[in-house]
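First subunit A sits with subunit B, and in the next complex the same chain sits with subunit C.
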Partner chain A sequence: MTNTNVGPVDPAPDRSETPPTLTDGVPDSCLVCTVGGDWAHFRRIDRTVTKQTYRLPPRTTVAGLLAAIVGVGRDEYYDVFDPAVSAVGVEVVGDLRTTTQPSLGVGTNPGETFDSAGGSGKKTVKVRFPDTTDNRQIHSYEYVVDPAYRLYVAVEDEAFHAALKHHLERGTSYYPPSLGLSELLARVETPEAGVEHDVTAVAVDDTVAVDSAIPEAVETIVPRAGTPHHVERLPAAMEADGRNRRTTEFTDYAFTADGQLETTGDGLALGDVAGRTVAFY
Partner chain B sequence: MTRLDTATLDKYLPDGPISSLRRLEVLYGAMTEAAAGGTDSEYGLYYTPGELAGFVTDADDDRYLVTVKVDLTGDDPRLDAVTAQPLQPSMVEDLGYARYPWGRGIDHSITERGAKGGSTLDTTVRYCRERLERWTNASGKEPAVGRVADEHPDGHVIRALQTLGSRDDIADQIEDSLASNFPSADSPRVVATVALKLDPESLEAPPDGPPDGDGYYYPGQLPVLNEGMVARKNHKLATKNVDSPSKGEGTCMVTGDRGEVFGTAEDPLAFFTIQHSEKFAELKKENAWRSHPVSSEAALLLQSGTSLVDECSRTRDGLRVYMLPYVVDCDAERAELLYATVADADATSIVTFQQNAEQNNEAFADALRFYVIGVRNDSGDINVLHEVPNVDIYWPREVANAHLDVLEGSTFDPVAGFRRPAEDDWRHIDDSIGQDAMLRAITGGSYARDTLAYPTADDPTSDDPREWLVTALLTGEPVPVDKLLSQYVDRIASDTDASDGSFPTYLVLTQYAQLEALARAGLLDAPDDRSELADTPAITMDQTNDLFGSNESLPDPSDLAPDGDVKKYHARKYRLERFLGERPAFQVDDDPHSADDSQTADERRGAFLFGVFLGQLANHQSYNRDMNRTLRDQHPADRMTADRIQNVYPDLEQRSGVYANGDQLFPETESLLKDAFAEAPPSSWALPVEDVRFFYALGLAYGAEARGQAFQLMDRLGIDYGDADDATDSADE
Partner chain C sequence: MTETVDNRSEIVFVTDAQDCNPNGNPLGENRPRKDPITDQAVVTDVRLKRYLRDQLHADGHGVFIKKTGDESEVRARLALDVLGDITDADEVAEIENVRDEFLDAATDVRYFGATLSFNADTDNDLLDAVADAFDGGNYTGPVQFSPARSLNAVEENEESNTLTSVIATQDDKSTGGFDLDDNRLKYAIFPFHGLVDENGASDTELTAADVKRLDTLCWRAMKNQTISRSKVGQEPRLYARVEYATDGYHVGDLHNGFDRDPDYSKPESELRNVTDFTLDVTKFVDRLASASDHVETVHVVGDEYLDMSYDGERYGTAADLADLLESQGVPTTTIDVYAEFEETLPAGE
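Up next is the complex of A and B:
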């Protein structure tokens, strides 16, 4: 990465904002926005042969997308989204239907698929280039069609919080946010009632209907015949590792495109955001 | 009925819900290990004794264990003898066998399995030499074992074998010793191993169990040889298709535990290979462990589960379909039930698994889910055509019941509808079909496959239109009706052969039964301006065939003709009007609030009636006039359009007049058709072409049967219809 920004880029750096604080995983306030697009592709980590997608963006992907809006370099935002100091809720508001499209790819690995032309490269010019008439391979990509997700985001990091809030309010972003692949640009919309919302913790007596995807405690869901819900095991948190990064946590998420999921609420960090019940992680 | 070793299950069952295919595969691995019985050995997961199943002797098979006996008690290692004896099942445990299943490589354990096709003396000698030379890293090809030889406190044992293996004449020595007792000139199946005579006191890690009668220990008994096997195996987890090992400290994607993880662990379905990284920048092969971190325990369990996963699959239409039963919350008790469900099923199908489970335990059966994956594997290119992780039996049952309701109702009876084919004639609508058969057809895919278009052979095989319907039927996902109709029409075109006058009547009827069934089950998704397509037909139900009992769906003769004097024409008219009247798709909606909706229903009614008329005429041409090329052959469904209907209509009217000597041949149809066209002239139709074509085709099928079914109805009502020539019938008008 060539990006030299190592911190959040706040369009109005002098402004002071109070970031949320987390209590038992539930923040006292959060930022709300909806990301959507025509297609999304969140590649499943256990698949490479057919490029299949998760139906829900992994928490790490959400973090990366928000970091793109804020303008933080790769490997520079993982601490901000450590589950101990941040909380993210994801609600499905679009479709979860997927479609598979074959696409023709040209290899760009200099070691494998480059061709060269011209002279010897010593005294005369030698050009190395990917030969686009050859070396093409067809691969199938699976996409989520008409995806849209409402994100509830709380980070305790003050600078990141202020920058994200400001970008969302102004409708700006440092890098163009995308849904998994760079060509799948995301639309970011914010509620008319404002970007920042108070969160009140939700106590559960018996069962509770949750609007967002439910992380971790997927076995607490009360099933209903004929309305199966999705369960996916997603990367949830990362850490930098030298010049690379590695996943530190995987979390199971349960979700549905058809409204709410009923759960006993055990082990969930539930918060009420403007009348909607959100499970934070 | 406990068949699984509880301690093994406790150790290996995934902690938490079954939330991914990998965790499911690990569950299968844990069940496989537990079914093999408990083992105290810390190497238990690595061993693959089952792979020797075809190599142990039973009765008079030619299956031998060839043992290279090495004496380490002297100053120098000494080749004592090479023996060959029938491999008894009781020997297997001591061999410490761990197979390397790919390519021409050698096995992980020093014990090597020979070729399945049998081995000659020469080949067997090579196996024996490789035990000493190659496996021990004397030839430098197995660095992982070499490291154990150098670093393990008992590494001198492996080094002694290296010394022996490096001797130039070792192959000759082995051959000399083996030749005399090698079983036969034929090629028996052989397993080659090395046994050691040594002083147990010379080892840090003592041997497990006593030596054999001659004082020899086998590889499974010697920790240092097991460590060599483990090292080689773990090395492979990190080095498949990469030059430098891909492993590191990370979090296992299967177990969630932190520890050493490997990047090139195989999964049973081969969905992950590191060659396919082209789209993802910086995904370097040696960094595979970062994006695909799998712990050694998970990798071994994945591998253990492979054969059980394969047993839950079958091939249909060139597609490998896996139907893997599981429960989200799987404890030892449920693992037991799950294993019984899989192991006791003699056929692989969701229905069989479900029924097995229901016989065993109701609560468990309720929790049972299926992970269904359809994979096309063409010359190594793996395409996942559909993947449904959470199938339960609910939607297939809903659809099956809806389909059976349609078959029992007036869509298929003489009162208004079609004739059902005889048993074995057309499997989804014939008169023998029951719930079990329907469930199998739906979950197995034939219900979708038999009604939709054939895939074009030269298309890329990444997509198969039929799999989309299979998935929808399993999940209860709504089916877009236009996509369905256009698939139906394509299939009708493929199955129609105008040159021999054939028309796929039963195909069209099956498609229509499916369409009505999907509507009944609430699974049809119609565009807002043609929502009537998704409405449930008000077909009469619960008809009993009891001749003397009440029969709600049967009309009174006075319903057919007010004066009770029922002519054939009356029966046909009653049937046709009732068929139209029971179906919202043809209904002029009188509700003023949805007045706009009626337009498409009128148009569809016109397309259908036009088909009926043409079908009746074609039937008349072929039976009464012995014509070869009928109107139906001239106007196939896949070429019909509103314009064409408009153009052909006068010709049909004229023919009817000619055939009936100036009268109308089928006045009931002709009058209804005239009304429909008056409401909505074809020249102004807005109905999508697939809608026109399918209902035209349905009309053809209806028209062809109109006469025969009318006779059936009259029979049912006890009305004598005398001579069956309908040309005279029109005089009734």
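Up next is the complex of A and C:
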């Protein structure tokens, strides 16, 4: 077994770091980085034949990407990113345009294009694999073109926090991060002012302009003439489920590539990070 | 089995396509793939990996993801067949032998990963043992290439969009087809971006020798496997594998260090041939120079027909990139593809 929890969570074991503390969902500090690339594909879970993409990376995808940087295996990081002990803000800084590219892949329908080897499967092992000499299946993949997202991340888990900060400061990663699919390689950039920033809770009197995507959007967004925004319902939390995993929470996010969105702030965890207003979730 | 690879590598592989269709869109009349907004041509990672797999196959390596219709003997499958003889979870060592033989025989799985599935009964110790030994059957490839977008906006050859075939397209017909689609790009140049994940490498037993093989494989695949009617006209122009010394470090986005140099290239609409194009490598060289403390060696091979410029000046051809990198303090070795590739062929064959 090599693919679960293989990485040392903390690449500098002597390093002592104070992780952030959350109060009403707002952390007292957070780590900031920007992830971008040529393409991204965050597959919408409610589509099958055409692989459509969310325009904003779901919180669960952000968690996976950061876990790759830290070197935590699949299924080993869901507790760290439980919304009760972590906060994530996502700001769109790239394009949100999408394009579709079909691809011919080996068949994934076991009833039609699979081959098998081994025993009968009753008391012995039967292994099934794509018959790669058979005709390929066409899958249409929708990609976000030139995506880039600034991430504001706070996890109360000390080891994860220290390791993530260490990697971001050194410009290293345990597993190379990617944007939704392993071949869509990502670049990670950090602010010149440093990766760790204080967060000050933002109180709202009337409405407030927010720089990041806004969760719980349907209730709180204040539409403004001339400012287009998207709303997507995204997976927000997940848990291990045997050899698979399942989504346990969804939320609606409002976001735009055109600057700030206005919100009533009702129920939102808003924080000021170096002069930018971020909605944490 | 040999030790898996230790160092991370980042690869840029510049190829071009003249009067051909480097990657047709099956949902768009097989026209060359394009970004409809920018008119950049696109070649998917899937297309590139097909060339690499075909070259591995031609070199005598076992390949798991084969060509459509290929009926050749499947060494990878033979290894898996033995699983049926294992009836007890205690035979874990034997299961792991099968897994090792499978990965040993399936060279492309070591590079690019694969998906297997085992009978799904989670209460069965034997099946759990097998699934564990095979990492659940999902192998993420430690070698990843991103889809490439051309450095130039492209145009299609209007005059070549119909083709009359003299060969019958169906068994019971004696006349050939006509008005067949034949859409080709005039000229496109693509920077592919790839990465070798040294930590993911242990999942598929990717070895240092496998990584070394990429240095000649990519070049030869683009030369040798682009031989069908629509694919002729593609050439490898520049390959650089940056092998890093620092654990977990890579610059990222190295392919964005290449541009069309407008001072020494023809306008995009007049590009027809590699000699019309000059590759500006300034950003690529400068980024590597600023990260040279992290670089073990850059393994480079370049083509003498592709002109290169650095810092606003002509600097020889892509074949001179090694000299340029060295002059900027970046440790570099030149790959001699045809002197080196034979060492990477299967042993004893």
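We adopt the following convention: the second predicted complex is superposed on the first by the 246 of 281 C-alpha atoms of A that agree within 3 Å, B and C clash if a C-alpha of one lies under 4 Å from a C-alpha of the other, contacts with A are read in each partner's own complex, and residues count from 1 in each chain.
Criterion: contacts are C-beta pairs under 8 Å (C-beta built on N, C-alpha and C of every residue); 3 or more make two chains touch, one makes a residue touch a chain.
None of these values were measured; they are calculated from a predicted model.
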| item | value |
| --- | --- |
| Touching partner for A:Arg246 - first (subunit B), second (subunit C), both, neither | first |
| Residue contacts with subunit A in the superposition, subunit B compared against subunit C | C |
| Touching partner for A:Ala274 - first (subunit B), second (subunit C), both, neither | neither |
| First (subunit B), second (subunit C), both or neither touched by A:Val222 | neither |
| Partner chain(s) touched by A:Ser140 [first = subunit B, second = subunit C, both, neither] | both |
| Which of subunit B and subunit C A:Pro102 touches, first, second, both or neither | both |
| Touching partner for A:Gly118 - first (subunit B), second (subunit C), both, neither | second |
| Partner chain in contact with A:Ala209 - subunit B first, subunit C second, else both or neither | neither |
| Those residues of subunit A which subunit B touches in one complex and subunit C touches in the other | 97, 101-102, 105, 108, 138, 140 |
| Of all residues in subunit B, those that touch subunit A in their complex | 16-17, 19-23, 248, 250-251, 253, 256, 258, 267, 270-280, 287, 290-293, 328-329, 381-385, 387, 389-392, 394-395, 398, 460, 462-463, 475-477 |
| Residues of subunit C defined as touching subunit A within the complex | 8, 25-28, 33, 35-37, 42, 44-46, 64-71, 77, 80-87, 113-119, 122, 126-127, 130-132, 135-137, 140-141, 144-147, 149, 193-195, 197, 199-200, 202-203, 246-250, 252-253 |
| Residue numbers on subunit A that touch subunit B, as the complex places them | 43, 45-52, 97, 100-102, 105, 107-109, 137-140, 142, 181, 218-219, 225-233, 235, 241, 244-250, 252 |
| Subunit A - residues contacting subunit C, complex | 1-3, 6-7, 11, 37-39, 71, 97, 99, 101-106, 108, 110, 114-115, 117-121, 123-130, 132-136, 138, 140, 145, 167, 170-176, 178, 182-188, 242-243 |
